[in-house]
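One chain, subunit A, links the two complexes that follow: it is found with subunit B in the first and with subunit C in the second.
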Partner chain A sequence: MATLELYQVCKRFGASSALTPTNLQVADGEFVVLVGPSGCGKSTLLRMIAGLESPSGGEIRIGGRCVNAQEPSARDIAMVFQNYALYPHMSVRENLSYALRLRKLERAEIARRVDWAADLLGLQPLLARKPAELSGGQRQRVAMGRAIVREPQLFLFDEPLSNLDARLRNHMRVEIKQLHRRLRTTTVYVTHDQVEAMTLAQRMVVMNHGRIEQVGTPEEVYAQPASTFVAGFLGAPPMNLLAARISADGAQVLVDDLAPLPLPAPQPSLAGRAITLGLRPEALLPAVDGRWSLTLNLLEALGGELLLHASLGRQACVLRVATTASPWREGDTLRVQVASTALHLFDAASGQRLPS
Partner chain B sequence: MGGSQAAGAPLPGAWFRGWLLPSLLLAPQLAVIAVFFLWPTLRALRDAFYQGDAFGLSEEFVGLRHFAHTLSSAEYGHALLLTLAYALLTSVLALAGGFALAVAVEGLRSGRTLFRTLFLWPYALAPAISAALWVFLFRPQVGLGAGLLEHAGVHWNPALQTGQAQALVLATTVWQLLAYNFLFYGAALQSLPPSLLEAAALDGARGWRRVRDVIWPLLAPTTLFLVVTDLTFVLFDTFGLIDVLTQGGPDHATETLVYKLYEDAFRNFDQGAAAVQSLLLMLLVTGLGVLQLRLQRRRVPA
Partner chain C sequence: MKRQWLRRSALLLQALLLALPLYAALIAASHAPGDLLGRLPWLPGNRLLANLRTVLGAGLPGSPSVLRMLGNSLVMALGIALGKLMLATLSAYAVVYFRFPLRRTAFVLILSSLMLPLEVRFYPTFQVSAGLHLLNSYGVLIVPLIASATATFLLRQFFASMPPSLLDAARMDGAGPLQFFLHSALPLARTPLAALFVLEFVYGWNQYLWPLLTTTDARYATVVMGMQGLINAGTSFALPRWDLVMTTALLALLPPLLVLLLAQRWFIRGLTDIEK
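Coming up: the complex of A and B.
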């Protein structure tokens, strides 16, 4: 186990920049998730940590030791690939033991580690099989087994669950979390799936366009998104982002010609500014004496909860209500209450979070 | 439901009414097969059981006499052994060489396209032309290659030295096959999933271990395919090459099955023996094809 530190690490492909200079510290035993849309640079960053690509600049340290010049196999890391990358001509046992055999470990030690990993992941009955004879979930488990037998300092996961169906993905997600609980190995996990990121991460790194938008615990990032990008990326459905303005006295938010919303505390520095107002779908609460009135366009019943797609003035928004049966119908007008503590303010131009 | 039905049944539009149009569409291909494959095969089959007189005026049925004669003749045994050794040696050398070149070129940082183009050129030549090239290069006293060998102390005269003639034929065949094998191995290497090679890099497989443990086994289907095509090429298509290089000599040292068959048919005018030999050669190659299909079905996972 070890720490991982990135100092000003960047990557350019020709003239285009895949990753702007990036700093990140991962503590010993921590589970960090890099999350963002495709092309945001998360996989490039992971591949540079693995040594499969070399950074255009900056320094990567594992356990305090600079590994920039080291080959992937010398970095004492293990990686799980999206398409599993199992050797198709080797049995499961041979797949698990290959790296150990290359390192010329003693036969008894190799057998001990393979058995340990197989027990941990429930692979014992599959050891003699070839990858082609396994299901997707079993292959993924073998890929994880191949990583843990090496007892590495650092685990790297590159979208490991993307090729699995939804049910299996949920199951494997829990397994990965339990595995980390038991092994406590420092882990960097890349995904584009915000649910995976929220559930697995001790700390998440939200990336966009080759740079880090925000680093924090899932709770922090969800409660205090640093930009409209983060706000719109996390949560299903994501936060409603409405074009709005701060009143001349800096005490209220104005959305179109709806009733003004008071800020929790007056912000004279923002007076009169154009902003983006962020409201989580669960922050808009139906109430008979609500301040705002909106028109329902569409209802989606999800069983335990209800999604209401509505028009708020001239803008669209989504509400989430915890109820099984809908008392409303499409076309109804509905009054909603907004708690002043639920407001997220962002700069209209830059999308950066503003104090509220 | 719709999917399972569509998988088994042909498309509704793929049906023809009546026999006329399908027959016309098939006719050109069937004609080619009939004239250039079926007819000669049937002729060979018939000739194998008949003996004509010296003037070609009459024939008599002789049963299996041609077969017995051919199979018991020392010359045929010699040609068979020579051909098997020639085929195995060329295939092994060309496979190993093509694989090594493909792996080496794939590992280059730059200039891959250049090497790919250069190594492909021999494949573009007809066997007879590449043989003419080698004849020119290795003509005693005149040729560039012959000069180098003389310089190295070899008394070079493939027209008299059986070993040298065999080496010359071997080298020319390998040279020609190498390009073909290089092409297929190169394509197969490029289609390997990159993540597998990356996983191998992370596992610490480098250099020779990476090639032996990961790349070579993954290319097994390509190797199987090339073994059969190489052997077939050597058995059938090297006639022109040998005819230009050595005419089967000296002293039958390079007289392979396909060349002996030609000699018997067109120099010795022994139609019966030639027919028997062509049938046996066809059996050999057909056997190879069947073996390939069997192995492929077993090895390649669904």
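Coming up: the complex of A and C.
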């Protein structure tokens, strides 16, 4: 087990920059998730940590020692790939033991480690099979087994669940979490799925356009998104982002011609500024004496909860209400209450979070 | 229903056309030379085994032993097929997996040589072989023919179709270029390799002009080119020995057929689904 440190690591492909200089520290035993839309640089970053790509600049340290010049196999890390990348012509046992055989470990030690990993992942009955004879979930487990038999200092996961169907994905997500709980190996996990990021991460790194937007625990990132990008990326459905303005006295938020919302504390510095107002779908609470009134356009019943798509002034928004049966119908007008503590303010131009 | 009938008869006709010369050879090979004077019997005779024994034992007077020619052909065909596969696998692997200057140029050059028929380069190749004192040897039968654009191209396509993450995984596992080649690329390529082996074996076995040009010593005669000499030898008797010539022809047909039958399963798979 080891720490991972990135100092000013960047990657350019020709003239285009895939990753702007990036710093990141991962503590020993920590589970960090890199999350972002495709093309945000998260996979490039992971591949550079793995040694499959070389950085255009900066320094990568694993366990305190610089690994920039080291081959992937010398870095004492293991990686699980999106398409599993199992060797199709080798049995599960051979797949698991390949790295150990290349390292010329003793036979007894190889057998011990393979059996240990197979027990841990429930692969014992499958050891003699070829990857083609396995289901998606089983292949995924073999890919993880291949990583853990090496007893590496660092695990890297590159979108390991995106080839699985939804049900299996939930199941494997739990397995990965339990595995990390047992092994306590430092892990960097790349995904574009915000649910995976929220549930697995001890700390998450939200990336966009080749740079880090925000680093923090899932709770922090969810509660205090650093930008409109992060706000819109996390949460399903995502946060409502409304064009708004701060009143001339800096004490209220004005959305179109709706009733003004008081800020929790007046912000004279923001007085009169155009902003983006962020409201989580669950922050808009239906209430008879609510401040705002909105028109329902569409209802989506999810069983335990209800999604209400509505027009708020001239803008669209989504509400999430925990109820099984809807007392409303499409076309109804609804009054909602907004808690002043639930307001997220962002600069209208830069999208950066503003103090509120 | 009617259309199917039509299709079937067309197929049948084609098969018959293909089989007819073969049948004629079988008939000639199973009769005594006297029965073949001026006519071809309709049914096979009973002398096939006797003729085989004569051909494989004594051979035809005035020509090299048939057994020896078959052996030479086998050496040449195996040499060419294996040599081609080895060279093509290595060059395809290099073109796909290594970044080196002029990589694309190298591949385009290999590919463009696909357009040139073998016969175009006979003269310079002959000159080089003669200059290296290779004439009249197994070397000259094999080495100049083992560069294969077709095989390189097919294998390049195969390697390029393998998921790149397989290489990544092997690199993480600590496999070097040679280990990835031996442990992963080569075993995975076994179906296309088997298909190519069949193609190239038949190609090597059927070489006619090149052995004729480069070997004058009867010790290196191959059966396909030796056939010509056999016909001369066979017909120089008062009683032409078409029975023996045709028996030899049947023997010359056999090895490529055997190779095809043995590797048939892989052959079809290797040419149709290059994926797995």
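Everything below uses one rule, namely that the second predicted complex is superposed on the first by the 356 of 356 C-alpha atoms of A that agree within 3 Å, B and C clash if a C-alpha of one lies under 4 Å from a C-alpha of the other, contacts with A are read in each partner's own complex, and residues count from 1 in each chain.
The working rule: contacts are C-beta pairs under 8 Å (C-beta built on N, C-alpha and C of every residue); 3 or more make two chains touch, one makes a residue touch a chain.
Treat the numbers as computed from the prediction; the structure is a model and nothing was measured.
Asker: Does the subunit A-based superposition show subunit B and subunit C clashing or fitting?
Answerer: Here subunit B and subunit C cannot both sit on subunit A without a clash.
Asker: Going by the contact rule set out at the top, does A:328 touch subunit B (first), subunit C (second), both, or neither?
Answerer: A:328 sits against neither subunit B nor subunit C.
Asker: Thinking of the overlay built on chain A, is A:103 touched by subunit B (first), by subunit C (second), by both, or by neither?
Answerer: In the superposition, A:103 touches subunit B and subunit C alike.
Asker: Who does A:116 touch here: subunit B (first), subunit C (second), both, or neither?
Answerer: Neither partner.
Asker: Is A:7 contacted by the first partner subunit B, the second partner subunit C, both or neither?
Answerer: neither
Asker: A:73 in the overlay: touching subunit B, subunit C, both, or neither? Say first, second, both or neither.
Answerer: both
Asker: Can you list the residues of subunit A that touch subunit B in one structure and subunit C in the other?
Answerer: 50-52, 71-73, 77-79, 81-83, 85-89, 98-99, 102-103, 132, 146
Asker: Taking the complex as given, what residues does subunit C use to touch subunit A?
Answerer: Those in contact with subunit A are residues 163, 165-166, 168-175, 179, 183-184, 187-188, 276.
Asker: Could you pull out which subunit A residues touch subunit B in their complex?
Answerer: 50-52, 71-73, 77-79, 81-83, 85-89, 98-99, 102-103, 130, 132, 146
Asker: Please output the residues of subunit A touching subunit C within their complex, sorted ascending.
Answerer: 47, 50-52, 71-73, 77-79, 81-83, 85-89, 98-99, 102-103, 132, 146
Asker: Looking at the complex, which residues from subunit B come into contact with subunit A?
Answerer: Residues 193, 195-196, 198-206, 209, 213-214, 217-218, 220, 301-302 of subunit B touch subunit A in their complex.
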